[in-house]
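See below for the structure under consideration.
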């Protein structure tokens, strides 16, 4: 059940890093959407390797082919299947029996009883996020028609932090592999990555993702709260180890009188109708746009911790699973010493999928 | 879809804080489990109010009745339904039209178009966690028979932190509303709560939840990763605003060479069989027992940020949703100035449900 | 997973025939529906025993209590839970170890490893259809507001058949335990039942269920076709062994030129808009209102074969499962020699649930 | 949600008849299954056109490519994706605006608001059953390792019926497009098809599908009864309009004393253990191997009504949906005057999927 997701839409993800192809099937898209492929390509490009110094050189074209669900450039309402062929794979970079620490090599080996396609992480590879970005790009177009806008920035790389920033400004940041507010933050982040890369090591960071104009009322009580729904998606992205909404962990050290976002009535003449809901405004947003698991109309703010990519060239202790012994390993080849910049479009994509799924669901009834 | 959860088991939650009853239906339990009701009662007692100074005085008996799925004290394999009658509710404590800041009052009003049972938070009330604790208590008994043990401690209340502690020791902490390691931490936490309560304010904190002996291989790739599955459940608990696994957000500031938990082979004679998986051991547990979304056999470690309870007696700005105007409000009555102690059994319960659901799923095939 | 159903709504069924209670939780109802309990009671009464000669004397009050999801008589949007207490159960009528032929006694014993509550069929009892009728009554009220009307008639009891009848007339049949068109059919059917009952035997029959004004476009391709969706529900009703749509099995002997329902354009001025869809009309309805699994706007026609109730007083061969030997058995007590009249409201209820689930789903996007 | 199916496995179907490709993604297969591609090919060949007189000449190669989930010929445990390219499509055979009676043209047009890929029926085409046959062939191999064997025969074509036949013999019928028992039935069926085809008309029929050695206990109560589960799948196959189990509709005219299959204890020494379940045997199989929705260990017997293919060359009344007027149409090109022979492997495939899904589910707990 792991690789199928969604309620109002269903995304079925498939593929292995070094197999014939990766891709996904998206069921439940509305008919009649003229897909903006330039926008899709722009999102795919953000995720592609090789966009900044020290990133893995671009080996894959990530060229996708739509197999179904499109007719004359419009969605048909039937499942949209997209496939990305794998090319130029260098299996010899990867050792079969020596498990890479920090990767899914060991857990995949146990789970799939030794039958997993181990090459490059197989089905657990970060490469599988490419079809997710495709799917997210399609649904964020539909969300955009509803006024819902998504964006993200890098809040931190290793020990370099960006400064505080209004959520509303994040989607308007200029396109860049390192979207930040603070002057010089980008360069300092790059230096941190460069230093790690030169040492054969790697670094992680924190991404801040926002969605503006999410309608109040989105989300379901309890098990499908907006936070549950989005966190599950965020944690499905490889290397994510923490998710918080609003002030998140900092709320643990805050007084309730401060954590409660005060409300006021913006338009004194507003009738108390459902439409009048928009008249309720907030003085602050410590709760990240969500109360009781339901959107309150404020910017949805989510921060995501991304661990350092486990691919490092330094010598590490590990095991040879076939020979059943402890060994040392040092990964060869070029590896991205930091995947945070490339993670941003993935996190936005799954956020878009999560919001869209609940958005469609909430339109019914 | 919000109040039904699960794949291999299904939990269907119902009820409102001041309605006739709350409860849940659990479908998919195996037949033949002799339910240990003393253990269930012990978990229910941990969640009940009034267990420590400053907590809400106990108003509800939380006495549950099993309506189905049990025969001669054994599960039958058919759905187990449990109901808890609401008694002694004091609706007059709650104002209909003046929305309580920080609660779900406003979002519930928008979502349910003004028809929600607003009394005491209705379906969004923390009271709904009582049936969750019941369900968790039943499945943790089954997990226990597999050697899987759960526990939690309070890592932080407001500005008081407990010290570092081995995950393996947490389930063995003596039963207490404030399970901590550091001598004196309990008293300092209580004082922080007392100070907030006396000021008419409230505080939050961080809980650390662990599960020991979770078998390697548990979890599914991507959308149903162990982290996705557990985080969704954790975020369904009212007041939770952050979830992290292993070192979580701290991994963002760590080098990959340190974040990768080194592996070694414990038993040099071990054959490379599936059963031999147990021979792989780790030197550290920065990843909290999970790699690639799949359990690696180490202790599963999860930290959860709980915001200060939004019920404070201080004057707050808000709106009267019927009259359509800004007003001030100050909650009357007794309210818990900190719900972290009572949240622990709830977080353990949903963790048990999440692990059990994947555990049953992984037994197939 | 057996006792939870639905996509846009979720119905969670629980209870055993002779346990404490039966009931269900319905999640996903819209807020603001003022439930017409007189209409609910009328449906419940149709299913209750004792409505006609030879039926089991009424032992159960079938009095339901709504535990949640209602506030001031309106649905709140939160799960609606309903419970029906079991009373006056006579467990001594039922033998534990001697399996009743034709019932689920043996299969329940195997499935639940001997732990099932065997009394009166336990969770497999037809009594579990009472909460289904409740759920169906609530959603058919919502469907009624959309103009969708359901009805059914008895097409056959044993060897007595009703005559052909226009689908449109079926919902308008006067309320009766034996809704038929043909004069005298009711009496002949009753005589067939009486004869079987006096002989200690039982008879089955065929019900014809229709839904009018189902909007064209309802249903999903393939796995959730309208026929798949409704048939699965029909087959979940105890004793149902066959389901057909339109001319069903008779289509196997028909030429394509006749089976294809000819279309014509009713309004020559109609523009080719989506709304203009209503301008397409049909000359016949051999396909029962469904093409390619999707509603075409014609009456939805479904016929359901109900086997004779397996409870007969005649001596039958069976086994004693504890002693492990062949035995003979003859059921004691009063049993309904024909459940077809009581099955009608159940079949209409599940049809209503099935249509509503797809209806809500199709309103999205 | 229409094109994704399953609980323990998930099958995600995609494609349009004249689009780039069709295919499916199968998630949840166990790792380590060495796929027998000769057996897969044999099933695919049974569904391919052109296997008997009057069938559509073979235009499509139905050559499939596995994109993922296989490594060294073994399943990896990750999703298995298969794709079949469409070739040699003749779109000009199909008229866009004139709706073909009996097909899904009109309902697809309404459902998808005119955006459906109408060519050759698009996503509703019978061609989409090719990936289903692939999926079924893989899982029936796994079922075969458990001793579960599937088969089918043609019970009827138009007015030609095969004679009664023991369910146990059906899987052993020699491979043929017309598997029947009665000598000469094949030729009479072919003549009926030929006569229809020469008249520009078409005929339907009834298929009888069986599964042997299905373990007692398979299936879930109520909504996921074995009958519900299988019927939903059967009705997802294009042209199916009726499904019955055991004696099905004939049970409506039978006395209960006859419809109840008598049980006896085969081995007088058998202890009353769960394993001892196999000691219960039946004298007859009127219930088709299912009681209370759960398998009883007897042959599972299901009959499926297939309507005449709606593609006929005779002139028919219909509408031009763009111009909004009544027109006449006569389909050009070669069309299969009877799809029953090609439906057999499809029905077996979905039966295999349905049994497998419940089989895996029942292995848990």
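The chains carry the letters A, B, C and D, assigned in the order they are written, with residues numbered from 1 in each.
The working rule: a residue touches a chain if its C-beta (ideal position, glycine included) is under 8 Å from a C-beta of that chain, and two chains touch if they have at least 3 such contacts.
Small disclaimer: the values here were computed from a predicted structure and weren't measured.
Engineer: From subunit B, what is the lowest number of touch steps before subunit D is reached?
Structural biologist: The distance in steps between these two chains is 1.
Engineer: Would you identify the chain whose Cα-based centre sits farthest away from the centre of subunit A?
Structural biologist: C
Engineer: If you tally contacting C-beta pairs, which pair wins, A-D or A-C?
Structural biologist: Taking the two pairs in turn, the one with more contacts turns out to be A-D.
Engineer: What's the distance between the Cα centroids of subunit A and subunit B, rounded to whole Å?
Structural biologist: 25
Engineer: Counting in whole Å, what is the centre-to-centre distance of subunit A and subunit D, each centre being its mean C-alpha position?
Structural biologist: Subunit A and subunit D have C-alpha centres separated by 39 Å.
Engineer: Quick check: how many Å separate the C-alpha centres of subunit A and subunit C?
Structural biologist: 45
Engineer: Could you pull out the residues of subunit C that touch at least 2 other chains?
Structural biologist: Residues 1-4, 7-8, 13, 28, 31, 78, 111, 113-114, 123, 221, 361 of subunit C each touch two or more of the other chains.
Engineer: Considering the complex alone, what residue numbers of subunit C touch subunit B?
Structural biologist: 1-4, 8, 10, 12-16, 19-23, 25, 27-28, 31-32, 65-71, 74-81, 83, 111-117, 122-123
Engineer: Tell me, which parts of subunit A touch subunit C in their complex?
Structural biologist: 7-8, 28, 30, 78, 221, 360-361, 363-365
Engineer: Taking the complex as given, what residues does subunit B use to touch subunit A?
Structural biologist: Interface residues on subunit B, with respect to subunit A: 1-5, 7, 11, 13, 99, 101-104, 106-111, 113-114, 121, 123-124, 128, 156, 158-159, 196, 200-206, 216-217, 219-225, 227-229, 231-236, 238, 240-249, 251-257, 259-265, 267-272, 274, 276-277, 279-280, 283, 287-288, 290-297, 305-312, 314, 316-326, 337, 361-362.
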